[in-house]
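Should a chain be cited, it is by its letter among A, B, C, D, E and F, assigned in written order, with residues numbered from 1 in that chain.
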Amino acid sequence: MKTVVIKLSGSLFSFDKDYSQVKKITKTLDEISRNGYKVVAVAGGGKTARNMQNAARNFHADEAFLDQLGIDVSRIHAKILTTCTTNSCQDIPKTLDEVVRCLSSSKIVFTGGLSPGQSTNATAALIAERTKAKLFVNATDVDGVFTSDPRKNKNAKLIKSITTKNLLSKVIDDKMSAGTYDLMDLLSLKIIERSKIPTIVIKCDSGRIKSAISGRSKGTKITS
Amino acid sequence: MKTVVIKLSGSLFSFDKDYSQVKKITKTLDEISRNGYKVVAVAGGGKTARNMQNAARNFHADEAFLDQLGIDVSRIHAKILTTCTTNSCQDIPKTLDEVVRCLSSSKIVFTGGLSPGQSTNATAALIAERTKAKLFVNATDVDGVFTSDPRKNKNAKLIKSITTKNLLSKVIDDKMSAGTYDLMDLLSLKIIERSKIPTIVIKCDSGRIKSAISGRSKGTKITS
Amino acid sequence: MKTVVIKLSGSLFSFDKDYSQVKKITKTLDEISRNGYKVVAVAGGGKTARNMQNAARNFHADEAFLDQLGIDVSRIHAKILTTCTTNSCQDIPKTLDEVVRCLSSSKIVFTGGLSPGQSTNATAALIAERTKAKLFVNATDVDGVFTSDPRKNKNAKLIKSITTKNLLSKVIDDKMSAGTYDLMDLLSLKIIERSKIPTIVIKCDSGRIKSAISGRSKGTKITS
Amino acid sequence: MKTVVIKLSGSLFSFDKDYSQVKKITKTLDEISRNGYKVVAVAGGGKTARNMQNAARNFHADEAFLDQLGIDVSRIHAKILTTCTTNSCQDIPKTLDEVVRCLSSSKIVFTGGLSPGQSTNATAALIAERTKAKLFVNATDVDGVFTSDPRKNKNAKLIKSITTKNLLSKVIDDKMSAGTYDLMDLLSLKIIERSKIPTIVIKCDSGRIKSAISGRSKGTKITS
Amino acid sequence: MKTVVIKLSGSLFSFDKDYSQVKKITKTLDEISRNGYKVVAVAGGGKTARNMQNAARNFHADEAFLDQLGIDVSRIHAKILTTCTTNSCQDIPKTLDEVVRCLSSSKIVFTGGLSPGQSTNATAALIAERTKAKLFVNATDVDGVFTSDPRKNKNAKLIKSITTKNLLSKVIDDKMSAGTYDLMDLLSLKIIERSKIPTIVIKCDSGRIKSAISGRSKGTKITS
Amino acid sequence: MKTVVIKLSGSLFSFDKDYSQVKKITKTLDEISRNGYKVVAVAGGGKTARNMQNAARNFHADEAFLDQLGIDVSRIHAKILTTCTTNSCQDIPKTLDEVVRCLSSSKIVFTGGLSPGQSTNATAALIAERTKAKLFVNATDVDGVFTSDPRKNKNAKLIKSITTKNLLSKVIDDKMSAGTYDLMDLLSLKIIERSKIPTIVIKCDSGRIKSAISGRSKGTKITS
């Protein structure tokens, strides 16, 4: 059975608003799972995490503590996702080993961050590595990787395919849009590179996740 | 050394707004601690918890699961409080035994809920019982227990003192304002009664917490 | 698959005497399980727990500590039950989440109490709520709920059906027999009420448990 | 600070009877602790454990499971002991490492068994080894090691001093009374031998424990 | 399904050399598992453990700490073994209860030592007892039990069959080769004796393990 | 009290050779601790880890699993270090929160790696961040950062001071010696940069560690 790892953008988890998108996405994950894939979905922390991190930073908490706060919130998000489908592992794993254990049931594994110093993107990449995933889908709040920041530059174009090496040098050179760091940070890229994990960056939307799994991605493909 | 247990209203934890009140209250707790009290402060879940619980209820989660979500959020609130003062236990206890262990350091112990089926009020009452506390201060978002709902009835009067027995029958008879349940639910009252824990209900505000500890409470006293 | 939760009276666990009843009951649970039900059985603490609690109370332990002692003993009882049938989860869950995890195996889950401040009855009710049980059977040491204490009043009659609301007011008004508190305490009733869990109170006996599951209960039915 | 490890006979924990002896012994341990010793007291399982083990054996449980049942009961006994004095570590350690951690507080550490396959005697010997104890006091339900079984042979004499080697060969040769195994099993003796732990076997009684610590033992001394 | 427990000699784990033997043995275990056996394999600590123990002993660590070091190393060895076959439980159990839990999956369970004071041989015997194993294979670095030390005495003969009682007395009387203690220590033998576990001592080699399981052992049989 | 975090090169832990250097270094750490510093020392995995990782890679283990193996070995190294001085926390922390908890005792905290995807260097940097350390000393097996690989180029010169930004671009540009990656990987540098942690790279030797703490470092200083 093939494994796919999907990072779900933290922007999905705004529970003071509408949450129909959450339902749609879990329905899609359920279909993917029933089509014979092992699915790990990694929830981000989103606005709730950022608000709490801002408060704690104001109280002089250190950066690693703030990372942990984000992890805690992302785990609650993962827990809420488990209520959307009975085809899900009821435990939220706290270590890579626990992810592996949960996955042995063939149910969808929902998880949040695992360790301070790692973005949830990097965590998702590590999980893809540990589970020898066939695909890592990074579902973000933009359409993919652009030639420049699409919010500032009308002429910015979506990049259809880029190598980890090129993306890495772009991230480091700061030539790319400010948001790029969030899309794919250094550690994520290093992991994708060392284990040659096929990776796609798309917008977090049930339709695009489905497309990405079936090989008709509309976002950016990262190759080794 | 005397122990005091203070339940902090979930309304305190609105991190998208201003958080100066959080700072003031932790400063007050610090003073109380340095004046020779062992302090346990129990954080509520507030709006963040309620939003998440609404989402999960919409996804058909059961009530006990929703209780657990509230506990998870309240623990993060407790964790954030630890960053406001170095005079605090860095661990957030998850069981009564862990509360006792943390308290042995004489630092302020911040905690959230402990078990589904218990409001954070009931948890605070249990902690007061387990630590043989001299006082349980329930800092809520109203001024104390009223003769009727003060938001609906202008003539509602604050009750200065009431026995657990009378309060219990009022809560059950539904004669009191709708919000009463939140102030003091059945389980909390049963625990206060069985262990005769001196209890005060006040508004969650640094000044009133200080007054309550020094014996000049402006809220409602619950006696056995 | 439907879930049933069965609270087993602590009086069952008198291991200095005869334990044939324990065997019969686990055999019945096994049949129920093989007939397509998911079964959770919650063991009480019984005399062993009460003796230890009396000792610890004499040593000035607080009430919450005594609750924990009772939980510890009830967990050992649950563990012993696992040896009666290979069709049982070998772990004794310590939290609601662990109950859910164990139940995913479809084997009988034996558990004891979970949290101080909760009777094993209330724990069983919470488990019924968390697992969306179709039936909660409270197997006690009396035949059901009576109009008055049957040990004192010859004319006491077994009540065949009662609403949670009526039972709650009776429990609070102290109009019922002293033992009623043990049958169904406030917290248990509140949980049954909030989640509308179909509940039956019967004597702890293999035959009556079988009858209750098959819909021919001889005890008291609690309705919403 | 010197460490002493004291094994307390399971016969002490008959909570259906009188428990004044428990109080006296914990008072003695408290005095020893306040006189500058680090104290670890290991509780046995006694009659409660044996009754449960008999039941489980009747249900065809394996021997290692029965060992674990005994450990569980002995841990509850240890927990009850913690309520007798505030000068005690509130945690009951479950591993040797946890014993070491608890002991760092200089409070009395109460513990039960730690691992199946080890009698509580052997556990106490291992703790003595791990904490580099100056003395291991085995407080049993007989006066010490006898030349033959004192319950069968009137002429049986208490042995004042014996080497581990001689005691070991006696235990193996079955030349000694049946109860000897309980006093000092093979594993205990092997541990005492490999680490040359000064050991005394006495009757479990507050006066004799005090004497043993102060060097005026009335029981049997085991030397290397 | 029948359970077999196989102790793998620590000498197998010399990862600075060649590790083809490790592969062969896990392939054999896999075959045994697929032939319908539940398999538990207990890894020893070997040279890596001994080197670390020598260092720690030089730093004045106590013997129980050294035992724990050996356990830690043996657990890493077990973890490495899990990478050789997908037909293995991914968790390394740390208690007997965890061994039982892992085994419920019917995959091969790899484990190391479990508790200080027990050799990995004794641990393997305890696991055989707890899982009611049909056979305990002790795969060592010699061919079996000899009449005297084969490394010193050319005329030493392999003993084909010996009772636990005879082997026990030989071990105690020190009449046997020095290495005997390693083959079968006192605690192992006591456990084998109390639960009458069929036991075979062979050289750690894939062919001989296969033979032992199929009833054509070339080593020493220990009988009750 | 100021905190210093010291990463100890894995090359220190060759227990098949001489271990006098280990003793010297722990003696130095002890002096630093007694001079009023809180000390965290992070042990590397060294040759033992690399041998095991090579074996597991040969068995087709994934990279994240290999990271975990290295962590496991480094934790055993940390454990062995605790035996060298009684002025050490007996627990080996497994998370950042546990490091903080251990450090509250003011004893030396020995730890290994914490999370896959992080080198022990990055872990040490995270600990420095989480504990708001005044200094992070990276004690490696070379003298510091060089202009080129000193093993290949005789004219390579030790760099006395370099900014995180410059070092980062050098590491990325591959302009530096191959060993540089090991000295300071990307994640370590990112953490040092985001929290402006004063950092020194020196050879792992008791004298140089002492010098570094007292402000007379002979290695390379990394500045923000």
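In the analysis below, a residue touches a chain if its C-beta (ideal position, glycine included) is under 8 Å from a C-beta of that chain, and two chains touch if they have at least 3 such contacts.
Computed from a prediction, not measured in an experiment: that's the story for all the values here.
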| item | value |
| --- | --- |
| Comparison of A-F and B-D (more C-beta pairs in contact) | A-F |
| Mean-CA-position distance for chain F and chain E (Å) | 37 |
| Centroid spacing, where centroids are CA-atom means, of chain B and chain F in whole angstrom | 44 |
| Separation of chain D from chain E, taking each centre as the mean of its C-alpha atoms, in whole Å | 30 |
| Multi-partner residues of chain A (at least 2 other chains) | 65, 97 |
| Graph class of chain-chain contacts, one of line, ring, star, complete, other | other |
| Every chain pair in contact, whichever chains are involved | A-B, A-C, A-E, A-F, B-C, B-D, B-F, C-D, C-E, D-E, D-F, E-F |
| Residues on chain C engaged by chain D in the complex (per definition of touch) | 15-16, 19, 22-23, 47-48, 51-52, 54-56, 58-61, 65, 69, 72-73, 75-76, 79-80, 83-84 |
| Complex contacts: residues of chain D adjacent to chain E | 62-65, 68, 96-97, 114-118, 122, 126, 129-132, 168-169, 172, 186-187, 190-191, 194-195 |
| For the chain F and chain B complex, residues of the former touching the latter | 97, 100-101, 104 |
| Of chain C, residues touching chain E in the complex | 90-91, 105 |
